[in-house]
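Following are the structures in question.
What follows is subunit A paired twice: with subunit B in the first complex and subunit C in the second.
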Partner chain A sequence: MSETSSSPQRMEDFVQMSALLTGFAAGTIAPSLDPVDLKSTLFAAAEKGAGDAFDRLLDQYAQLAGGKPVSQMTPAERQSIGESLLGLDGQPSDPQTTATARSVMRLLYLGYWYPIDGSAGAETVVSDQAYVRGLAWRAMQSHAMGFSTWSYGYWASPPPPLTDFTGNPAPAPPADAAAEVPAGTAAASLPAEAAAASTLGQGKGGQSPADLVGGR
Partner chain B sequence: MNGKRYDVVIVGAGIAGSLVARELARRGKSVLILEAGPETPPTNRETYLENFYLAAAKTPESPYPPLEGSRPSAEPAPRATVADTFGSNVEPGWPEKVQSDPDAFIYDPVKSYLLQKGPHPFASTYERVAGGTTWHWLGTSLRFLDNDFKMRSVYGVERDWPWGVDELLPYYNAAESSIGVAADAATQERELGEIGLRYAPPGYQYPMQPILTSLVDEAVTGGIGGATGFVGFEGLGVEVTPTPQGRNSQPYANRRVCAGNTNCIPICPIQAKYDATVTLSEAKQAGAELLSQAVATRVVVGENGAVAGIEYLRWQRDGSGTIERTPGTAVGTLYVLAAHAIETPKLLLMSRRDDQGALGHGVANSSDQVGRNLMDHPLYLSWALFDDKAWGYRGPLSTAGVESLRDGAFRSQRAAWRVEIGNEGWNFSIGDPWTTVGDFVLGTNASQLNPDTRTLFGDALVAKLNDVFPRQWRMGFLVEQTPEPGNRVTLSTDLPGGAAFTDGLGLPRPVIHYDLSDYTKLGFVYAEIFARDVYRRMGLRCYTQNPKEIVGRGGALVANPTWFPLAPEWRQVFASLPPELKAPEVTNLPAAADGIPEGFQYFGAGHVVGTTVIGSDRASSVLDPAQRSWDHPNLFMVGSGNFPTITTANPTLTLAAMALMAADQIAKQLG
Partner chain C sequence: MRATRVTTGRALVSCAAAALLLAALPLACRTRPAVPPPPDVAAGGGGPVAEGTTVDIDCGGTKQPVTVGTELPRLPTFQRVITLDSLQCDFDVFSWNSFLALSHGLDGAFGDRGGDNVTTWEVWPNEGDLFRPGGAEPPEWRAGHPPPRTPVPAVCEGKGRPGDRVLTQIGKQPLLVEAALEPFESGPLIDVHGRYARFGITMNQPFYQYVRDHGLYSRAGQQAFAAGGGRVEFPCGCDPDPSGASCPPDGQQGAIMVKASWKVLDTAAGDDPSRFHTTQALVVTPATESEPETCERQLLGLVGLHVVTKTQTEPQWVWSTFEQVDNVPERGAEEAAGRYNFFLPGCTDCNAVNEPPPQPWDPHLQPVRANSGKSQVVRQIPIPQGSVEINEAVRPLLAGTVWQHYELISTQWPTEGPGQGEPSAASGWCVPLNPVDESGAPAPAFLGNSTLETYIQGTVPQASSSCINCHLNATLAVGQQSFSDFTYLLERAQ
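Our next item is the complex of A and B:
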C-alpha cells in the first residue's frame, strides 16, 4: 500500500467508501466537527480485523472512485462501485476483500466487528460509541437501545424525517415495499390519525439526531 | 458478626429484602442484610451501563457481574443467565443423555450455572448483586385478580392462597408508593374491574400519572380495542390497557423522568425505572447495615427448633484474582430469607443435617416442599409486520397490554395469559437489528425478510431497513404455569458426580427438573389462535417461528430444548378453525399444514416463582399464611418463591406487597 494507514487520504477513502456502502452521508459518518472521532475507531477496528484485505479493499475503492466524493457520483456510478466492492458484478473478485466490505458495513451499522472468515459467535463490540452511533438505529429513525437523548413522551409522536438521520436525500422506497402485504386479507385498520401522523414528520418530542453528538 | 446480635438478619438485598429492612429499620429495629454479590454505589451505574454497551450478547444479565464468559465453577456468586441457554451450549443427543446419564444436563455445565435435567429447561434468570433482579426488571406492576387467589375453589385447579386479595390491598398501595408506579386507577378499574381487579379505598390514586402509550399501542388499539368474538374467549372483550409501570412519568423519589431509552431490560441508563437500590438506600439511611459479598451457606437451627444463626462466607478477590474467603455467623432474633426462588431453597437444602430427623430434608422442610413448585411464565412470542410504520424501537420496552382475558371460565380447562405489547420491534423475537442487518448485508434470510437472499448497499439498503424496522411488532403471551411438585430445585452435591459441579466457593449448584403441564401447554394453543385472529383482523403478515431444531454445539442441528410438540388431541382445535385462521399469512405455516402447528417454542419471562410456597396446611406448604416457616417460629421468607400460584401477572408488585405484609408481621412478633 502506498499510504500509511492513518494518513488523511486513507481515512478519507474509508469514509467515502463507508458512505457509498451504507447509504449514509459522509458528513454523518465523519462530521466536520467531530470530537468523538468515531471514524478512527472504526478504521482501526477494520484494519486490525481484516489486515491486508482491508488495505486491498481501500486500494480498490480509491482506484474505482478516482478521487470523486460519493456525493458527486451519479446513482449508476455508486451502483457500479458498490457491486464491484461486494463482488456482485459477476466479475472475478477477491473473497477476502468482498467479505471485508461486508464486515465494514456491519461495523458502521452495528458497531460490531464480525470476523471476515465468518466464524460464528466471534463478533465483538468495537467501542461504546461505535454501538450507540450505529447506523441501524438511524435507519429506523430511532436511537440505540440504551442511548436516548430524547425526552419523555417522544414515543407518542412520529420521529423526524429519515433525511435528518442519514444526511442524504430520501431514498426511493424499496420496489417490493408492498410485497409483504398478503393478498386476500382485510385491509389494515390503523386508526386514521396514526396513518396520517406517519407522514407528518417532526414529532413534538423529537429532537434532531444531530443532538446526539456530544454524548449522553 | 462481631458478636453483635441483631433484631433481624436478612439474606438478600433485592426488592423483598430491602423493603423488609427499610420497614424494620424505620421502626427502630437493628437490621443486618447479607448480600451474596457486590454492593453498588450509584456511581457504578455507569460501569454497568458500559458493560452493556460493550457486551456482544446484550442479554438481561450483560451489564452485571460476573460478566458473560465467566465460569460458574470459578465465581463466588454465579447465577443463571440467558447466555447459559444459547444453542452453542447444547450437545446433539441431549434428550437421551439427560435421561441415561445422571451427570448429563441440557446445557454445558462448564458454562451454565443451573444444572438442567429437563425434560425442558427453566428459561428464566436472576441477579446476585445488591438491588437484585430489579436491576433488569421491565417495571410492569400489575395487581393480581380476585380469582387468582382461589383457583382451586373457583376452577378446581392449581392451589388456593391462604388469604385473598382483600388482605393484600393495603399492601399493594404501599408497594406502589415504594416503587413509584405510574398508572390511572380509574382506567384500570373501568377496563378490568369486571375480571376482578380491585382497589381500596374508593378513589385510590397511583403515585404518578400513567406513562404515555406508544404509537405501536395506538395501532394495536385501533385494530382490536373493544373487539369480541375471539376463539375460546366467548363473552369476553379485548381491551388494550396502558400498563401500570414502575417508571417515572414525572420526577419522583429524586429520580428522573423516563427518556424512552428502550432498554428497561437490561439496564435503565438514568434510573427512571425503579430498582431496589432505591429501597436499599432508604433502608441504610434508616440504620440497616449491609454486608455485601457475603454468601449465606447455612441456616443453623438450635436445639429448640428456632434458628440460631446464619453462617456465611465473606469473599473478595486478591490482586491475582484468587478468591479469599472469611467465614462468619450472623445472629439475630428473627431471620428473613430473601434470596429469590432458586437461591433460597438452595440455602435451605444446603442447611440439611444428618439423613433423618427434623432436618433430614433440610431446614424448614418437614413438608418436603422446599424447592418444589418452581414456576415461570413460559412466554409465547408471536411477531408480525404492520402494513404502515408504527415506529417500534422507541419508548419504554412495553407500555400497554391485553389484560382483559386474564380470567374467565376457561381457566378450569386451560391456562390464562396476558399479552405484553412490545415496543422493541423484533429485538426479542429474532435479535434485531443485528439479524436483519446481517441478512441484507450478507444475502441471507434468517429474518425471513429477505426471501430472495439479496445483498443490498447504499440507498437501497437504507430504504429496505427503513421500510421493515418501523413496521416490526411482537406480542408476548405470559402463560400461567401450574405448580407441580416435580418442577424443583435440588443440589448438585446429591448427584453421583456432584463434587464436580460446585461454585467458586465450593458450594453446591442448583439442579433443575422442569416441565410444562398440559394445562399450561393448552394456554399456548389459544395464544397462537388469538395471535392469528389479531393478524387477520388487522391485515398483518405473521412471521412467528417455532423451530423444532436449533444450531447446537459445533454447528450441528440439535433438538430445541424449549420446543414442545402439539398434543395429538389438540390438532382438532386447529383443524376446526375457520379458513381465515388457517391461512399462511396469519400462521406463517405452509398451506399444506392446514393451520396445524407441529409445536411451540417458549421463552423465559424472568419470573422465578414457587419453591417456598405459603399455604394453610403445613403438610403441603413451606410457609404459613404469615410467610413464616411452619417448622421454625423465628424464620420468615419473602419474595416470589412464596407464591402458591403464578397467576398471569408479572410478580414483582405482588412480592413487594407481600414483603411489606411480612414486615408488619415481623415487627409484631418482635414486639
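Our next item is the complex of A and C:
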C-alpha cells in the first residue's frame, strides 16, 4: 500500500471507486462542501469491516484508474475497471477484494455493511446518516422513510429527473437508436435532462467564486 | 486567531489595547468566556461604544469586517476562498453584523442606558400584532415606525406602562400548557430559580407587509391564496442592481424573523441584571383548569435569540442563533463553582439532563421549589471553534455594554446550490430551491439554541434540532396546507 489509510489520496481513490461502482457522480458521493462528511464514515466502515482486503481493493483501483477521474473515463474504461474489481472479467481474482467491492456497493446504496465472508444476518447499519443518505433513495428519486429533504406537499408533483439525483448526465442514445425512441418519452428528453444535471446538485463549491460573489 | 485589526470609526487605527486583550483570551474556550468588567456608564448618556468600530475577521485569506453600527446586511459577503470553513466564517460574520444592527435602537442608541438599550427588533410587531383575533386585518407598515401594537390583554390593563411588551408564550411553541403531545418532547424551560422562561417572535417590515399584502394574516385569506394557486415566497435580501434585472435598483431588505427567549430576573436569588439585555414586560400566564389567567409586570433578561433572514442566495433563509453566556455549560465541561441560568452544578436531585421537567406543568405554581422540577441543561454540541474565535474577536468591541455577554452559537446555511431559474420580482428576488434537495444540505447539519431547542439537541436526523430541516415542514393553516416558506407563523392565523 503506497498511501496511509487516512491520506487524502486514499480517500480520493475511495470516492472515485465508489462513483465507478455505483454510477453516481463523485460530487454526489462527496460534495465539495460537505457538512455531513459521510465519505469518512463509509471509508471507516469499509476499513473496519474488510481490513486488508479493503486496502488491496483500493490499491487495485488506483492501479487500474491510473489517476484518471471517473468523469473523464470512457464508458468502456468504466466497464472494464468495474468488471475487474468485481471479478467479472474472466481473469483470476482475489475473492476477498471482489467481495469487498460488492460490500462497498451495498454500503453506498443502503448504508449497511455486509460482511465479506457472506455471514447471513450479520449486516449492520453503519450510521443514521449512512442510512438516510443511502444512494438507493436517490436511485428511487425518493427519500428514506421518516427523513425527507423536500417541503410539505412534495408528493403532489413528480420528482426531478433521475440524472439530477445521480449528478451524472445520462448517456446520449446511440445515433441509430434515436429514431426508435418515441417522442415525448423520458428517453427522448435525456439530452436536455443531462444538460440540466450539469447545474443541479452542485454545492456552492461547485460554482465558481465569481458566480458566488457576482455583483458584490 | 481570526481577528486581525480593530478600527474605530472610519479611521483605520490599530488598537493595541484590543490586540493585547485578544491575545490574552484562550483560543479554545469551552467554558464561559472571561468578560472584562464594564466601565461606569452614566444612564441616559452617550453609548460607551464608538459607532463604526470594526474588527476584521480573517475568514481564510480575505478580511471580513464586523462593525458596531446600524446597517443591517442584506446578504453575506462571500470571498474568493470557497471552503466549508471559509463560508461558515462568512455567514458567522453576517450573523454578528445582523445581531449588532438589530441590537441598536431605532434611533441608533446602543448601550446608552447603563450599557443597555431598547433594540430595533423589540419594537417590531409580534405574532399577535400580525395574526389578530378573528383574522382581523393588521394595519399597514409601509415605511417608518412600526404600526401600533394590539391593545394589551384585559387581564393586564392598569398593570403596565406605555411601551411595555406583552409575553404570553411559555414554550417555543404556543399553547404548550394545553398541548401535552407536542412533537420532539418540547417542554417548558425552567431556570435554576424555578421560574418559567418566556418566548416571543417579532418580524421586520418586509415579512409583515408580505403577509398583509397577500392576505395571509387570516385563515380565510390563506384559503383564497391557496385556491388561487399562490405559493408563499417571502422577499429575499439582495444588493442594488441598476438594471433591475437581478434586484431592484435600490436593493432590497429580505424578510426577517426574530425569536427571543427570556428569563425572569430574580435579583434576590442572585441574578445580575447588568449581564443581561433587560426589558420590563407584562407576563401573561394562560388560564388552566384550576387557575384564571394572570398578568404580572416583571423584569426579564434576554437569554436566547434567533435571527432568521431570507437572502437571495439562501432561499432556505440564514439561521443565526445567539445566547447569553451564562446559560449552560457544554457537556463534560461543567464548572463545579459555576453559576448558570439553566444548570445546577453538582446537583444530585435534579431532573435528568436535557429532559423536560416532569409533568404536570403549571406556570401558576412558580417558583418551582424542587430541583427535580427545574430544567437541567447542557450544550450537547460545542460551539464550533470558528464561531468561538469570532466571538472572542468581537467581544472587546462591546465592552461597557450588556451585549458583551452574548455569543454566537453558530449560523446554519445551505451548502447546495440552487435550482434552475433566475431571481425575479415574482419570486421575491430569490433563487429557486434545489428540487433534488430543498433543504440545501445545511451546514452545520445540526444546530440548536439551549434555550429554544433545549430538549431536541443532538445529531439524530429528523429528531435533533436542524433549523432548515425542521422548518421544511411548515405550512399554511388551511388550503391543503401548502408549504409556507420555512415559517410556522402562518399557522397562527385565525
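As a convention for this text, the second predicted complex is superposed on the first by the 170 of 216 C-alpha atoms of A that agree within 3 Å, B and C clash if a C-alpha of one lies under 4 Å from a C-alpha of the other, contacts with A are read in each partner's own complex, and residues count from 1 in each chain.
Keep this in mind: a residue touches a chain if its C-beta (ideal position, glycine included) is under 8 Å from a C-beta of that chain, and two chains touch if they have at least 3 such contacts.
Computed from a predicted structure; not experimentally measured.
Residue by residue along subunit A, subunit B and subunit C are tallied for touches, and B comes out ahead. Once the two complexes are overlaid on the shared chain, A:Y152 sits against subunit B and subunit C alike. By the touch criterion defined above, A:S142 reaches subunit B but does not reach subunit C.
Of the two partner chains placed around the shared chain by superposition, subunit B is the only one that A:G121 touches, whereas subunit C remains out of contact. When the two structures are aligned on the shared chain, A:G27 is found in touch with neither subunit B nor subunit C.
Applying the stated contact rule after C-alpha superposition, one finds that A:G82 touches subunit B and leaves subunit C untouched. The contact surfaces that subunit B and subunit C form on subunit A in the two complexes overlap at residues 128, 132, 146-154, 159, 216.
Listing the residues of subunit A that touch subunit C in their complex gives 31, 33-36, 128-129, 132, 138, 146-154, 159-160, 164-165, 196, 199-207, 209, 212-213, 215-216. Partner subunit A is touched in their complex by these residues of subunit B: 49-50, 52-56, 58, 88, 212-215, 218-219, 221-223, 249, 257-263, 266-267, 269, 385-391, 393-396, 399, 423-425, 427, 433-434, 437-438, 441-442, 455, 457-467, 469-470, 536-541, 551, 555, 580, 583-586.
The touching residues of subunit C, counted against subunit A in their complex, run 75, 77-84, 87, 239, 241, 246-247, 313, 415-417, 419-420, 433-439, 441-445, 460-462, 469, 472-475, 480-483. Those residues of subunit A lying in contact with subunit B across their complex are 20-24, 75, 78-79, 82, 86, 88, 102, 105-106, 109-110, 112, 120-121, 123-125, 127-128, 131-132, 134, 136-137, 139-143, 145-159, 162, 166, 168, 171-174, 177, 180-182, 184-191, 193-195, 197-198, 216.
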